[in-house]
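Think of it as A, B and C in the order they're written, each chain with its own count starting at 1.
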């Protein structure tokens, strides 16, 4: 089996126990919360027959000891059954399935844009080091990176939604609705990507192997784009996956500002209304996504950088 | 006398640092002929690496070649536009560097990296270039060339990486190879092998080598002619046998005394007293005079030019005029 | 010892002032610090002073940044807000550093099982979206500025741990440490006397660069309503307050935000400059 395949399999195998660990932690937190566990499954105040209650108790193992309960609970979770919302009395999973696509749309669009624009910007800054272009890029990215997402969103709302009435400022009713939220989420992140790319590029361009490439008489386009960029992109590409969870945090705030109907607004509303089943379910989903993103990041880094595939003890 | 392959005339390369202007190469002139091994020897910091980088025009920022001529096969390299110089690098003039550990791109196989220069310079198609790479890997005496070609640099030892460098740089058949301390960072056992490899290749292809080193022992082994460099200038230049038989410059004599082999004094190793000079503010007059046991008033005031004192033997010293 | 430290400090300040970016950052922070310290003198009114006759007034000479829904002077609130931003930022980073550096030292010095456990926990906390985690913590322990400080510090210490661990690992096999071990010095003594001083410059850089994230995170939580409670003039809370009057009185939300940008920019610029001086290879 090639080193790469071995590495990939190893990483995936590590990810699975971590997900289980997350479920255990979540389960423990649930038990520690005040109230009767059954409330998390069957909202208080629902009119339900005694048989139904018994059925639920059996299905979720509430009459069994805690350790066994965990496995009942786990089997429900893995099937996507997170119980019922306190507030709407509807299955949590329905709420989630409605919201997740919106959040994904927002996040992935922003992430892709941030990299698509940030990477060339960083490369240009590196190639024009210490000249005007570089200074402009450095200053503007520094400012963007210091800008709070919620405030940027509000300012953009003001400018484009109110003074120049060209873009919608809330909800997801029209195709143009996504423009302001994505812009808000993308800009500060783009700034970070550009700066990182610049730093990596500058570092790589100073490496001995780039000097070797010049000494071979390779044209500068090839040296920069093939030899230098290929190396400089490694940490940046890995970040694409590793930063997705972090971007989710920003997405939550942006969703709230623009009333974008995604998981972020759901999370916020649920926290305020103390709708714990929903909160727990969202945290779980986020945790799973985090593990997946990290595993993907590890795999991608092994694909891109041959040095990572080695076991300890090989050169 | 045949036309020299390379003629360096009064070369000056300075670095504009925040601490001051570093005169790394300060008026250096010499010639290198076809099929010869020319050594440039001196302490660290004397400017010999910068000299090599100047010839191939890869002086790093903040350095700059400020004056002089580098005439290769009749063309002044310093007057060429970068696009023309690029065609010479790797193809006519090549360079191997000191530290092989980081000199190879970690994300490409060595086969790819060796095949690159022929693809660019000769427009070779990649299949042919790959085969040529395998041939070259065999030529630099690495086993299992077709398997090796798919290795990544981190899978190779230091000696193998240096061989890869050699393969890369001779791939287009250059007439001049600059070797900057090629064996310094490698195991002693491997050093001898690499040296022999270089010399065999040189003989086979009638290639000239400019070998940069601080190791006088190496000079004695492989060189035809040698230039001794000190503080950015050449202080002695001539055929190796001549220089060893009759070292004239006090610095050269000092270097020879430092060799552990052949000294009459058993026990303490000789070192030249004093510190290497500051290249930002070199001493006035002859740069070696603060450390020279034979210095005179004239040495403090006037910088002696490099003059031919015996046939083909040049010295820059007031004692030998 | 003190003279030594002072001499080095003045050396650093000189270097900071040489680089144009860090110089700008330094002066920006100086400006904000002056605002914070001098708030009672600089601000014309107290931040909680209500004036219902002058609600929602646009910027003017009496009210440089206008007034808000309750007639409070926005300029005064922004100036007092500098105090909050600064002490919150510094407090968060101090707690983060205390936890993070300690764990990083232990993991880097001892290696083995201790390292494995600490690294596993660190990686898990670091990977999870910090804002969501902080939200989770705040949900559990309740709202309020102090709770927000705690929450943000709890989710952000991994940055320190990872970098300090790597640095300690590079130092732990050096001769001076081996020598100290050989003469029987205790682990704690070695860590404090030999290793820590070598890590301090890096810690300073990380700390400076972490202040903007701390400010951004805490103001975000205040914006969402989980942080500062009224009438505390937290800049994030002020931005949120202004949202209901956004079109009629945009100044209420705009100015606090501008000051957040300025403050964070200052620390980011200074931090970059410090990095160039103290630990150029650092990547965060």
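FYI, a residue touches a chain if its C-beta (ideal position, glycine included) is under 8 Å from a C-beta of that chain, and two chains touch if they have at least 3 such contacts.
Not measured: the values here are computed from a predicted model.
Path length between chain B and chain C in the chain contact graph, taken as the least number of steps between touching chains: 2. When every chain is reduced to the mean of its CA atoms, the largest separation from chain A belongs to B. Summed over C-beta pairs in contact, the chain pair with the top total is A-C. Note on chain placement: the centre of chain A and the centre of chain B lie 53 Å apart, centres being C-alpha means. The geometric centre of chain A is 23 Å away from that of chain C, both derived from CA atoms.
Looking at the complex, you find that chain A touches chain C at residues 18, 138, 142-143, 145-152, 154-155, 157-158, 162, 199, 242, 245-250, 252-253, 256, 267-268, 271-272, 279, 283, 286-287, 290-291, 293-294. Looking at the complex, you find that chain B touches chain A at residues 56, 58, 60, 86-91, 94-95, 97, 99, 102-108, 116-117, 120-121, 152, 154-157, 165, 168-169, 172. Residues of chain C touching chain A in their complex: 21, 123-124, 127-132, 135-136, 139, 212, 216, 219-220, 223-225, 236, 239-240, 242-243, 246-247, 250, 253-254, 256-257, 260-265, 268-269, 272, 283. Within the complex, the chain A residues that touch chain B are 207-209, 211-220, 222, 227, 230-231, 234, 304-307, 310, 314-315.
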